[in-house]
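So, here come the structures, one by one.
Two complexes come next, and they have one chain in common, chain A, joined by chain B in the first and chain C in the second.
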Partner chain A sequence: MGSAVAAPSVNQETKKKKYPYYIEKPLEEGRVQKFLEIFAAFLRHSNYKPLLEIYSRASTKCSRCANTCQIYQATGDPKDIPCYRSNILLDIYRRHFTIGGWLRGRILGDPGLQEETIDEMLDTFYHCTGCRRCSLECPMGIDHGLMMRLTRNILSEMDIIPKALLVSVREQLEGKTANTSAIPAPAMMDTCEFLEEELEELTGHPIKFPIDQENVEYVFFPAVSDYLLEPDTLMGNAAVLYAAGDQDNWTIGSQYFDGINYGLFYNDAILGRIVEKEIAETRRLKGKKILIGECGHASRSAKAFAPTFNDGEEIPVISIQEYTLNAIEQGKIELDPDAIGETVTYHDPCNIARSGWLVEQPRKILKSFVKNFVEMEPHGKANYCCGGGGGTVSVDEVYDYRMKVSGKIKADQIRATGAEIVVAPCANCKKQLKELVEFYKIPATVVGLHDLILRALRLPPIDKSSEENNEQKSQEEQILEGSGTHA
Partner chain B sequence: MAQIELAGKMFDIDEDGFIQDASDWDENVGAAIAPTEGVTEMTEEHWKVVNYIRDYYLEFGVAPMVRKLCKSTGFDMKKIYELFPSGPAKGACKIAGLPKPTGCV
Partner chain C sequence: MPDLYELARGPLFRLSFLIMALGLLRLFLLSLFGIVQMVRRARDKNNSYGKILLTTASWMLPVHRLHRHIPLISFSSFLFHAGVIVVPLFLLDHIYLWQASIGIAWPGISRSVADVLTLLTLITGTLLLGFRIFSRSIRQNSGFVDYFLLIVLLLIFATGYIASRPYNPIPYQTVMLIHLLSAEVFLVLTPFTKIAHCILFPLIRLTSELAWKFPPDAGRNVTIQVHGEVKSI
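The block that comes next holds the complex of A and B.
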């Protein structure tokens, strides 16, 4: 009887959990048991177990990663050291899923996972932006970014996930519009028509955004938010494809046109389902390659995981940056070296730079036409995150954290370059960096890579010269044919 | 879900005060939301932006691209931010009764 009375008071204590971000269905009770059940399922049904076995033995908690982490450098809180964070999960693994841990519970009375640890995890694993800079320094080869993703994955399976990510992905996978920004296909097409008019006004050329063209080389998936926020990036993309002679060789699919994949940040199953949608749309249109627009995580999720989730014939993934560099190197497009007078710096999106995949390509592009190019230090593989990685940029309620903590070092870095233009080929980074330069009053403009390319792209004057050519030709024809009947 | 009374009607709102059912919106409701986004008085210029967004939303189901908004209203981004200090997506769209933008917006 006594215990029956005591139980509700414990429950009351556990009610009204505080979450650092909005949660749609906050789980109030049974969180510990649920976490352990889901963790156990992961160990049974995925490849994480051998990895955790190695990591839990290899981790020495040496904290060498502390030097690399911009979160720890901003807060100085030992709890923000990457290996401290990973150890929370590894310790749950040791205690609940190894014989040593079982003994620890039986002999030493270690009570195991507690409610407070759930609170700590749902907070600290969203402090991490998943930039994986720490992976460069860990002498034991531990990928703390992966531990972050696994923990978030378990939490998301118990509905602990920022609402901003959840509702976006739900619309992408189950909604009518099938994209994270809930843009209906007719609206996307209306925007494309508008951008075609803008391009015609700007260049005089009939540059198109082809929709649902079949049997083309490239099916294009930008971060879908570009259709709301980034006209110059999209126009730059289309203009380069046009200038390189591929106007009829690329398309946007009206049934699925979003490159964004938040699954990369918190849930492997969702990551797979989103990649499968890109593959299915490419296959529907009989396209040969997946072309990803300017977006770090969209590029990485497709490039790294299309082979994993594609059951059929291989579909290569390329980034628009690779495409454009190739067009420059093959002499298909020409950029005006006098078009950009400003000092320009380049921000490496972590998801394409940390692995070394897209580090040199954007620099070769920029240096081919930008006179005053300055690097941030450090840069390339060792770059600092914009501070909004891992999906946090979409979580408005952590704005203060992104400005004052996670983005602080990046703001210092940008200011130190003295650059007037910051190029960031990533929708996610651009949003964060635009907010950062505004917050810190840094006199710099943040743009995409193709925004600058659009300014410098040399296109032949079209209207008059082509008419003249036609006239000339018809005169030649007249002479050759000896006929004066042509008008 | 929280509720709020705006211009005599009750609305469900999300955590950031975006109304959930856009069909019940009218200009009085827009004017009642405006002060929460730092707009003290809805002038003709404010309405030009809000009405354009509203009409576009009713036709296409989403807010217009920012460049299109500027071009159609004749206001540049600077002017839009002067009118709506919290910006077009979070400020003007909220006053126009649109749901909170999702994704990388």
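The block that comes next holds the complex of A and C.
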């Protein structure tokens, strides 16, 4: 009843408001009611209720988190204090889902959630890149990443979601190509063939991108955009697998080959559906492990959530960096210590570094062959986000924000190292960092980890009379002989 | 006046203590129950509890996790908390009061130790108040309650200190009355404000970590409840 009376004015007001990013179906009215309805559904089905209960009493407002957040450091705006931002959601929780809040409404006449607050949320929760740097510094152990995800999740269920993310995920989960870049499988295979030729030209070796091989150890899921934008990274991946003797032990699935999982940034249901796709493809090919390419959020979403979304036998998830380090440590591959003369620095993608999972491995790899390695300060677990985290790197409308605000500190950090090469093993980070060095005119090149490895990889010289060829020949002969006898 | 004093010293104290104790107990049990429920609903039950609790404990030491910009805040906060916990519980005069109220007693600290701790609490508390007022990021994140609670706490310690001096210009009973009443206000507010972190502290980080272990069908069920089906994207 109340909403029917309020509708016209709300309607006019929301029409005037502009969303800071494109959304497909902007809700014109009833947003408050919708928000609360979805919030209630989350409290019922998910694990967020105990979290909200404890968070709504936990913050001591010490602002330590403020000083760790690159956004607040760049703007100094109270709205960018992590605790302040999370408190918007916590306040809605207190007001609408606790007895105290009910009393507040009854006795003090607090009207509760307003349209403006929804506008504030859809803006500010996309300012946060979900890097979780703030979670390192909270004495209480509050994780604003969780609050950011939950808010974005509620908003996404009311169709408030940047179109860039929505369209990619739609294609990945419901489109013909089943990946975020809409690459048809035949085109992916063509690219692989082309890369094989390139590799042959470069190394002389028959390095392959095996497709749909069954019963292999590794089923490979890179960020699918690598097929379009990062051929060197993919070539480096394949070359390492080849050099380590696993050429026949890995594969790319033709039915599902995308590691990207934007669900991690905004929606639990979608996060789960994408992880399930990776698991299903691995099962179809009877692969033993999921091997994730160079991508921070792809690695984290698979590694951290496979146990949640896998209802069958466990499938371990490993990152290509772990694989490569292992190969180096076991002496399976050799890297030329003179190949890279430039000064190199390393950017830690938040999604793999914040938990401490992949911090040492890439450094061990780099230090094993790069002479001039310099660190950014701070680095490792306490690194700064590239500024394009949480999916914002895909949202072109916030380009200015990513350059001038969220990426500012990262740009300063890179400049301070004086490095000529910035290594970032992540498709998202690389895109953001490439844009950053261009925007700030920093004389540095941004590459993937395996791009550099490819430059330094030492493969034994191919010789017509080499053992390998002999072996291959004799195998071929055997097959021929075999077929001969059968015939 | 003596009546009011006796009231504050007796029934009011017992009442506010009861509100605090029951309120905190309720919060603690509810949070524990929440944690159990989270683990039960999650499919992935592989949690490193020991590590999480160790990290939590490490935050109680000032040196381990210094404030990035103002290390003085860390030291102040540590000493402040030490005073706020030790003096109310272990000052001999308090123990007599506890004994009178709840019937048990325990060994206390000497007057001189209590004096030093009280002064330290007053100094560090004032410093923290100063930071809240003058440090931009903390001021921007502070509301009325944040100032109010700190000022009440400082008032409790200041009046306690003055009351225990042999000579002081203000009548003993007046000082004690303010001391008691402000302490009671603080006790009553404890379970309803951020001071609840005194009991929730060990559980907050744990809850955060467990919250990343989603119930596998949660997202889907939300979508179904809201849209009537798993709607296409």
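Heads up, the rule we're going with is that the second predicted complex is superposed on the first by the 452 of 487 C-alpha atoms of A that agree within 3 Å, B and C clash if a C-alpha of one lies under 4 Å from a C-alpha of the other, contacts with A are read in each partner's own complex, and residues count from 1 in each chain.
Here, a contact is a pair of C-beta atoms (placed from the backbone, for glycine too) under 8 Å apart; a residue touches a chain by one contact, two chains touch by 3 or more.
Predicted model only: the values in this text are computed from it and were never measured.
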- [ ] In the overlay, answer first, second, both or neither for which of chain B and chain C A:427 touches.
- [x] first
- [ ] State whether chain B or chain C is in contact with more residues of chain A in the superposed arrangement.
- [x] C
Task: Partner chain in contact with A:78 - chain B first, chain C second, else both or neither - done: second
Open item on the list: Looking at A:194, would you say it contacts chain B, chain C, both, or neither? Reply first, second, both or neither.
Closed with: first
TODO: Could you tell me if A:372 is touching chain B, chain C, both of them or neither one (first, second, both, neither)?
DONE: neither
Open item on the list: For A:215, using the defined touch cut-off, is the partner it touches chain B, chain C, both, or neither? Pick first, second, both or neither.
Closed with: neither
Task: First, second, both or neither for A:393, with chain B first and chain C second - done: first
Task: Touching both chain B and chain C, residues of chain A - done: none
Open item on the list: Please output the residues of chain A touching chain B within their complex, sorted ascending.
Closed with: 22, 163-164, 167-168, 171, 177, 179-184, 186-187, 190-191, 194, 198, 223-225, 227-229, 231, 260, 393-394, 396-397, 427-428, 431
Open item on the list: Can you tell me which positions in chain B touch chain A when the two form their complex?
Closed with: 15-16, 60-68, 71, 89-90, 99, 101-105
- [ ] Could you pull out which chain C residues touch chain A in their complex?
- [x] 27, 30-31, 33-35, 37-38, 41-44, 46, 55-56, 59, 65, 67-69, 73, 77, 135-138, 140-143, 146, 192-194, 196-197, 200-201, 203-208, 210-223, 225-227, 230, 232-233
Task: chain A to chain C touching residues, read off their complex - done: 37-38, 41-42, 44-51, 53-55, 57-64, 66-68, 72, 76, 78, 81, 83-84, 100, 135, 137, 139-143, 146, 153, 157, 166, 169-170, 173-174, 267-272, 304-305, 307-309, 311
